[in-house]
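Just below is one structure, and these are the notes that go with it.
Chain lettering (A, B, C and D) follows the sequence in which the chains are written, and residue indices restart at 1 in each chain.
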Amino acid sequence: MTRALGLVPVFALATALFGGTAGAQTIKIGVNEPLTGAFAASGTYVVNGAKIAADEINAKGGILGKKIELVIEDNKSNPTEAAAVAEKLITSDKVPVLMGAWGSSLTLAVMPKLMEYETPMVVETSSSGKITTTGNPFVFRISPPSAVEAAAFKGIVDKLALKKVDFLIINNDWGRGTAEDFSKMMKDKGISIGLVETMDQGAQDMSAQLSKIKSSDSETVIVTTAVDQLTLIFKQAAALGLKKRIITTGGSQNPDQIIAQAGAAANGTMHLTTFLPWFPDKTPNPEATNYFITEWKKRGFEFAGCTESFRGYDGIRTAAAAVEKAGKAEPAAIKAALWDINIKGLNGDIVFRKSGPEGKESGQSQPNVYLIEINDGKVELKTL
Amino acid sequence: MSEFLQHLVNMLVLGGTYALLGIGLTLIFGIMNVVNFTHGVLYTFGAYIMFIVVQQLGLNFFLALPVAVLAGWLLGATIELTLLRPLRGSDIDTTMLVMIGAWIAMQSGTLWIWGGVAKSVATPFPEAPLVLGPVSVSWLRLFVLAAAAMLILVTYLLINKTSLGRAMRATFQDHDTASLMGVNVDMIYTSTFAIGSSLAAAAGALLGPVYVIFPQMGDLAAVKAFAIVILGGLGNITGAVIGGFILALAEELGAGYVSSGYRDAMGFVIIIAVLIFRPTGLFARAERVG
Amino acid sequence: MRAAVTILAVAALASVPLWLRDPYLLNALITTGIFVIGAMSLNLLLGFTGQLSLGHIAFFGIGAYVSALTSLGFDVGLPGDVRLVHAPWPPIAGSLLAILVAGMCGYFVGLLSFRVRGAYFVIVTISFAEVVRLVALNWVELTQGPLALTNIPSIALSLPGIGELTLRTKMQNYYLVLVVALVAYLLIARLVHSHFGRAMRGLMENETLAVSVGIDVTRTLTLAAVISAAIAGAAGSLYAHYIRIIDPEVFAFINTVTMVIMVISGGKGSLAGPVVGGLIFGLLPVALRPVMAPEAQWIAYGGVLIAILFVLPRGIVPSLAQRFIRRRSGAPALASVALTETGAKEPA
Amino acid sequence: MERGVLEIRDVVCGYGGVTALRGISLDVRAGQLVALIGANGAGKSTTLRAISGLVPPRAGQMRFEGIDITGARPPRVLASGIAHCPEGRRVFPHMSVEENLDMGAYLRRGSGEIAADRDRIYAEFPRLAERRRQAAGTLSGGEQQMLAIGRALMSRPRLIMFDEPSLGLAPNIVERTFAIIRGIRDAGTTVLLVEQNAFAALEMCDHAYLLENGRIVLSGAGSELIANEHVRKAYLGG
């Protein structure tokens, strides 16, 4: 037993050697993302987007005369690890600001640590409403929670003449939240809600759920899940002869991948998205979008990843802008500065508004939401 | 009614692939008494072989299947020779944990090599489904069902009609006596593991194009395979085939008429129920085997 | 001699927060400690009755959920228009309930373990944990499902004369975990050396013989399962109040695997085994993190596991103990043979 | 001591921490029926298991027809010409009678000869021929014993070892079994017989060894052992 204890100082030494020495020359931003485990693909996309932003900023001379340095840590798609990683980034690497942690449960696990060390975090992906409503003043979210998406969708439900809607959702906070918020919005509009079918993260065969939906009397299906399951759903829906209007939500769909993999099955499907890599000119910040897409392709990443990775890009730019505004790389100053930034992100203006209980509000930015339709293998923008 | 028919058709195509997954595992579990946690990784491996052959090398889709079977055989034999053979005679916990270690390392290796982004494989089959009245089914899935049936038949003949298969069954029933008959039990173990592995890889290669291919795809598949083996009884190929169809039916009807959230729970519920009420599996012979 | 080593080890562990200032490492030690408690409870089942449960995380997770729900309160509808409303209770009550409920669940799984052995038992336990996970995932009204239970309060102790003490800091939580671990260790040690412990070992070494000398198999196995599950529930409760958020992923198979690795690598059936194995495999990821890519860390983790099993197949503590203290090897070796034979061949 | 076709010298053998054989030496001469008698746990079965390679010896030497078979695995021992008909018959319960016989010929090549041998066994044991498609586990104890003997013969051994062939069989079947074993010896195959029914074994054997506590304490012709005072008292019931 005493033998094993001898290892602990070795670990402490290792941490001392690997972290905390380069502090003065660079401005560090902690990145807490899932690089292994169930969400590895998405986390890697976001990190790649973040690297593009960091390289771009550094190529232009950095901020406050210093280069920015991303300290990237893998949270293993595991909430316990996500909290531990936040602890490491803040206390060992001494980062003044973080970006993370992709999934809602990962982000929620990190949040007590933010309170403990009073360090702000830019949340780039998580969609759970809880993140900005539980009273954590260190959280600044740039992705839209499903309620925001539902509100944006409200404007066009009349044009689509929806009558009865089924849901097919991923069984996690994202899918559940979407079904809840969209149902509420649609009921207010007099649209009736039919089935709410769920699928597990990682499930590959949705034929049973789709067969059930095929036999229901609704005319529209709202589908919420990640791009891989979307592809499967379109293929399986086509194989089952499901002929209903499909609308996907959540914004990490990738129509190109869907077109490539699902082919004709994708025609007629509609998608709510927050980023338009296909129409850089129609985005709020065409110059940045073009730069980002060019850089993404130059680095040999699949175009498919754009719709996720842009969040990492925007997240780092948000954090960097706040550091610049604060004038120093200190958590309190950065937190204060986050309330004052106004940058043109790839999916709209990033401006934080207050959300949650008074006195300890979290920041929530309102990104743009677009509806696109796939027709004859091409992406078309529908005006909202 | 049409919904029910559609569920039945879904069950048929799904059950075929489940059966394929199950027979590979039931051989290993039954003959070697190894709870093989690498079964899912071998399934994933087969799918990636399909991806490499079709998408990266640009070779024929139908050629990829035998390549995957062969590659699965080789990888299985390697695992058996390097990890299991040295541990022969160790207790079941040690072997199981070594297999868990291999599973963790191999799955992470897959992630390292190919990344986490899902891959898909182009197939030569038409996109439009075959429509028969109220039910439709895709051509690709029909092909998968046929290929699975063929592989199951080949395995059945191998086990029941060849001298190797007879030696495998003898080893399963009584390994000491089998060795007195001149059976090289070590060789039988290696072949069994390799054959089981090649069937897992074949299942992955067949299902990879139906779904998408990613490093963790094998986890759920492995769990289902365990359910099928328990359902059918250890080492019982016919049982595994029937078990595969029962699991598919339970999942289809469970998701269709109970709640889709519990779809993947069906396998586990079946395992628990079978083990409580009929611990040797539904189709095992009443007397003790092995 | 043995007591001296134990006291020395406890003193060394107790001194850690006094010189280790790095909160990240302290955090790693706390979460490792929580899993070590889980591993110790698993060892009671695996090491002393020979039953390998790969669903042990179920009890841990149930403990975590019970504890969290007791201290957060809930309001759920049951069949027949009944509403079950529960107002928040203090976290310490949650911990006690967690122990109780987890123990009860252990009772049912214990009954099962009488029916199935060996590989079958392994698979039943995996299935049990998965079913519990799927219930936690889908019973949204109670557990919030994937939306996770958040803002779980920290454990507060009411101390006479001092008043309420809420355990928020790392150091406080470290000592809390250490104390619970110590209590669990002593409890298991006492149990193993009692009449009941002899019954368990007798059962593991030779079931037929044990039955013939009058050991009640069902009772022994069930009792072991109940105590083991209750301790795991306590660990789960600590986890919920320390991490302060739980979602159904707490039931992930990899968490069970972590505990099993801690037990078997350290040495099953040895009291110190799970502690030694736990410290190694709890801190290995921390040590690997700065030196290699994320995927490689996992490959190394699997590799180290395989290597330990090949080099020290009986676990670190028993192998080292055997190497340093000369002992007659006859009896233990025979015992392990007997275990393999019963574990391997009896489906029913 | 005269050299036999099977020579065993100072073999020590055990399981785990238990030593079952403490250095035994014995010889089996060609064409003879040699019996190994002794109490339960004396090491009789272990001797056979050591010869056939199921339990590797810790020390000592074993030669068959001049070839060293010490530590050889069972398939090699079988290939060298020694068949082992194990205690409790151990037929493969879920395989048919015919498949069980085929397992006996597992190492042989040439399906024609194998089929001919199989037919010879069927001729010898008509009951097996009737049940050739039936699972062996459904046979009666006597039928299983016939099958086990037939299976052992299928490898065409020059030495055949029987472990407790009379165990658990009805008296008339026991007699039949012993008759068959004598017949095998008479046909020219060497036999090593382990038997608890000491009287029957000693009566039919050409030479016998008495094992006690893992050691050979006595050897001689069957009639000599029957006449021995110690054997009479301890093993023949008076």
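Methods note: contacts are C-beta pairs under 8 Å (C-beta built on N, C-alpha and C of every residue); 3 or more make two chains touch, one makes a residue touch a chain.
The structure displayed is predicted, hence computed values, not measured ones.
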> Does A-B or B-D have the larger number of C-beta pairs in contact?
Replying inline: A-B
>> By mean C-alpha position, what chain is farthest away from chain B?
In response: D
>> Report the chain ID whose CA centroid sits closest to the centroid of the full protein CA set.
In response: B
> What whole-Å value do you get for the distance between chain A and chain D if each is reduced to the mean of its CA atoms?
Replying inline: 74
> Between chain A and chain B, what's the gap in Å when you average each chain's C-alpha atoms?
Replying inline: 35
> Quick one: chain B and chain D, Cα centre-to-centre, how many Å?
Replying inline: 42
> Hey, how far is the Cα centre of chain C from the one of chain D, in Å?
Replying inline: 52
> Mind pulling the chain C residues that touch 2 or more other chains?
Replying inline: 137-138, 295, 297-298
> Taking each residue of chain B in turn, which ones touch at least two of the other chains?
Replying inline: 108, 111, 219, 259, 261, 264, 289
> Tell me, which residues of chain D touch at least two other chains?
Replying inline: none
> Which residues of chain C touch chain A in their complex?
Replying inline: 5-6, 8-9, 12-13, 16, 20, 22-25, 27-29, 31, 137-138, 140, 145-148, 150-151, 239, 243-247, 249-250, 252, 254, 272, 275-276, 279-280, 283, 286-287, 289-291, 294-295, 297-298
> What part of chain B is in contact with chain D in the complex they form?
Replying inline: 163, 166-167, 169-170, 173-174, 176-184, 285, 287, 289
>> Which stretch or stretches of chain A touch chain C in the complex?
In response: 1-5, 7-8, 10-12, 14-15, 18-19, 35-36, 73-74, 76, 78-80, 83-84, 87-88, 91-92, 104-105, 108-109, 111-112, 128, 130, 134, 171-173, 175-177, 198, 200
> Contact residues on chain C for chain B in the complex?
Replying inline: 46, 52, 112, 115-116, 118-120, 122-124, 126-128, 130-131, 134, 137-138, 253, 257, 260-261, 264, 268, 293, 295-299, 301-303, 305-306, 309-310, 313, 336, 339-340, 343-348
> Which of the residues in chain A end up touching chain B in this complex?
Replying inline: 36-45, 171, 197-200, 202-205, 207-209, 211-212, 214-215, 228, 231-232, 235, 238-241, 261, 263-265, 302, 304-305
